[in-house]
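Each structure below appears as structure tokens.
In what follows, subunit A forms one complex with subunit B and a second complex with subunit C.
Take a look at the complex of A and B:
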């Protein structure tokens, strides 16, 4: 039933998005390209939060490590893009494992703080080594994914669909169920014979892999890597808001939330400084009155979880 | 000379950090809320104090009226945070208990962003310096110290002392302590829990407001500082041990002096880095904080 309804919602939406380049201009395509990368960020975050129960306040740590690894390799050694992407994703996985060590020992706010500190440290390292990393201004890349809007759009679209498919499949698989159990009651899950530590570590690696890869692809789309686009706390906050807004523990909801957030930010741009205010207010209202988010509401209209 | 300068400057900034963080600890200890709009609240207090003080003109009285208005604004915002965000989320039946924490964090974060953006929209994000409550400088063993810096330290400690008396020596304080230990037991004794929470949030609002106004007079405040202020209060509180008031005081001084030392001896640009490193080490080795209980 659930599978059926999810399919009925997702399939037409994907079809429309796949046909979109024939109908709309480069401006909207560019916007959606960005939104698709954010969707991957939010979906990877949801795997950690919604399933493994780990509140990661620093998604931009994983994103930033992936993005900057790829950027440095491309800028200084002129590595080809696929090699840079692979190394970026690998570096993010290593970063994810570093984050996972405290996560397995700490709980609640303490782990959240460690992840926050990780972001601040990464940001400081990048800004203080401005001679190598470009600091606040950013590092420009000799290569870009594609110059054409439509090609870029399809790259991002394909990437989002594949990552989303894998993450969604994973969340519905036995591994996802074990993760969900360990997130909700680690002691009971361990008592049932599941290796909680191993599963959480896997969740961190997968989340980090997709975050880092998406971060690396995003900078090759933009042609420049800067703190403001991939490392700043604000990036992480947007990712979290997107995932909670779309409906946590749904994976697909995170993608919807991200597309909504980027779109709303753009539509409200004429409001100038008030745009962020309005987006935050909307997000706050959703959190207060519809805590299961857009998709949660749609999938469980009776309000049950 | 330099050592004395560091000692004095470090003391003033640490006292201010202590004042800012102590309210943060209090509401976490009593009502279990980590308020991520803390920095925005301090910014609101400072900017309103600056604005009202400016409206009233250059007289001496206007500084005090401005400061009072700033504190009042912070009080209103703190009560709104409790009434509109923290309390509805904590009472909401559709959020599972283990996820309340992340919802409170996200909710207060969004609320903080709203306050910050509103301030930036109404008053721009230029740094604003509140006029000092007292003018003049004094030489302490050859170090030029503004009167205002001394006032900041004295006022912070006076307030911390008052809070200590309130918590340990009054009936209301006892009920606050009881609420942090066993809320259900307190309810069974016939106390209205929501009144106690409201009182804690009011105390918190006043403390954060005063800290904000003092900070505005000491260093100047811009709406862009909200995030940093929240992060520094958060780090102090975690360093000291969540919910431990004495731990927060110690941690405020550790952080204040570490930052001042780094700024004077190495470079102001890496001011916050040693604190972050210390925080990582403490969180790994002693997650309950310096003086916290598990």
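Take a look at the complex of A and C:
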């Protein structure tokens, strides 16, 4: 029943999104392109938080490593885009593992704090080596994914659908079940014979892979890599808000949250600085009063957990 | 036939506390063994060391001859040990069947589809434990007993050679206990080795082939359930030695002004009944003891009075209902609870802990009270500057009581002050309580499983058994009427 309901929500929405370029202008397509990349960030984050039970306060560490690896390879060595993307994703996984192997030994808030510090470190490294990385200004890329909006839109759309499909499928598979058990009660999961550390590490790697890849794709869409768009703490905070807003432990909800967040930010742009305030306030209200998020309410009407 | 599980010289320390000292026993296939001991005796530590949740500091744990001591939990589980947890943490969005499937899954990262064979096997297990009718429901819609069945089902799914069961019957009704006994007995029929970990012999007596009793980390007795129940050391642990009573000198009006009146209260923990229709009353100046084995509901009763757990029924304090007040507001009316885990501020000194307790008193009065308390517990005076966590268990207990007294309670609730303390410390504590009783007008509500400790001071005694009050009377009558059936 649940599966049917999910399908009934997702299929028409995807169809509408696929047909959108025939009906709307480049401005909205551009906005949604950005939102789709954010959706992948948020879904990757939900795999880690919702399923493995680990709060990663630094999603932009993984995103940033992926983005900057790809950017540097393209800027200095003119590597083709696919190679840059592959290396970006790989670098995010490696950086993620270097961070996660020691950090996952820590429990409670310490894992989260480690990930937060990692973002600050990365940001500092980039700013301090401005000669190579472009520092605060950013790094121009010789190549872009595509010049016209519709092509860019379809790249992002296809990427989101494929990543979302894989992450969602994984969350519903036996591996996802083991992951949830490990996240909820590690002692009991271990007593059932599951190597909790191994499963969490793999979840972290998968999350890192998609975050890094999405980060790399995002900069090839924008044509420039800058701290403000892929590394800054604020980027990570938005990703987290999107995932929680959409509904923890749903994967799909994270995508909805991301699209909502980017869309709302844009619609409210005339309000100027106030826009950020309004979006944050909405996020706060949802988190306080509907902690299971948009999709959590819809799929699990019994509500709170 | 060789033993499936062999524990030899098992040792576990937590800081300076020896939780298990030189514990040795073995369990053969098809044998059910009970491991019993009061709270703090180290029985759970032994269970966790076998499962690998805690790493032993010394000794050996052998599974069919393979040394597993110090292995991580998941490897020990795969080697053939299963643990039936007392409190389950089921996943919210998965059905009962999915939970059993989870337990059947191998530890494999590449398994992306559930094998239909696995599903069929899970359905068989659900039927075996009596969950067939509810296997497509979510855990939160099920009663407590079914969640315990689910824990059993998960253990069965793993098909372990050795099954450890933590407090098999806690929170279950008599009918459910019978069902569970049958299921546990079926482990024996299948040739598993079973270890039941429980507070007391009574709970597991009907099921076990052999009982091992622990106290203060030591192995104190072993034998059939009857032998262990008759064992002198075990009786001393649970009942204390000979029961002595000494009524408090009659004081004008003692007990006549009603102070606390608890009427028909019930408490549920999730779906488990923790207290069932309990009524007690305490009058001004009375010393009332509530005795009962661990798990009977004493702490729950006190927590309900202090407003820490929701309850049905009424709690009146000087005629006013306490329902709806916050724990802080209740404490300010003069009800001060000294909890069983002491809740000291470990990094603060003894003196700072006491000062915190007296922070609402005027300075001179606080000074005077501290002086008086140092008279009552001289050891605390000597330890004033020491961090609370470095104190011995007995000293910590004295500090906890002293801190509670600093708050000038009108009713002092002492929850199992003897927990994990050696007999010599009990004597000191007992003397301090007696002094308190003889020299002040304080009203005390004491919860204890150690009857010898609880009785001498009491004006009146309640016996709490399995969530209900089963006896009330004065301590002199207790030995005659309730003492025999207590263990």
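Operating definition for what follows: the second predicted complex is superposed on the first by the 302 of 305 C-alpha atoms of A that agree within 3 Å, B and C clash if a C-alpha of one lies under 4 Å from a C-alpha of the other, contacts with A are read in each partner's own complex, and residues count from 1 in each chain.
The working rule: a residue touches a chain if its C-beta (ideal position, glycine included) is under 8 Å from a C-beta of that chain, and two chains touch if they have at least 3 such contacts.
Predicted model only: the values in this text are computed from it and were never measured.
When both complexes are superposed on subunit A, subunit B and subunit C clash. In the superposition on chain A, A:15 contacts neither subunit B nor subunit C. In the superposed pair of complexes, A:170 makes contact with subunit C only, with no contact to subunit B.
Which of subunit B and subunit C touches more residues of subunit A: that partner is B. In the superposition on chain A, A:158 makes contact with neither subunit B nor subunit C. Of the two partner chains placed by the overlay, only subunit B lies in contact with A:106; subunit C stays clear of it.
Once the two complexes are overlaid on the shared chain, A:184 sits against subunit B and subunit C alike. Applying the stated contact rule after C-alpha superposition, one finds that A:283 touches subunit B and leaves subunit C untouched.
Of the two partner chains placed around the shared chain by superposition, neither subunit B nor subunit C is touched by A:146.
When the two structures are aligned on the shared chain, A:97 is found in touch with neither subunit B nor subunit C. In the superposition on chain A, contact is made by A:195 with subunit C only, not with subunit B.
Residue overlap on subunit A between its contacts with subunit B in one complex and with subunit C in the other: 184, 305.
For subunit A in complex with subunit B, the residues that touch the partner chain are 49, 53, 55, 102, 105-106, 108-110, 112-114, 116-118, 120-121, 124, 128, 184, 233, 237, 240-241, 244, 248, 273-274, 276-277, 280-281, 283-284, 287-288, 291-292, 303, 305. Looking at the complex, you find that subunit A touches subunit C at residues 169-170, 173-175, 177-178, 180-181, 184-185, 187-196, 198-199, 202, 249, 300, 302, 305. Across the complex, subunit C meets subunit A through its residues 51-53, 72-74, 77-78, 82-83, 85, 88-89, 91-94, 98, 101-103, 105, 107, 109-114, 140, 154, 158.
Remark: subunit B residues 34, 84-85, 88-89, 92, 94-96, 98-99, 101-103, 105-107, 109-111, 113-114, 117-118, 120-121, 227, 231, 234-235, 238, 242, 269-270, 272-273, 276-277, 279-280, 283-284, 287 touch subunit A in the complex.
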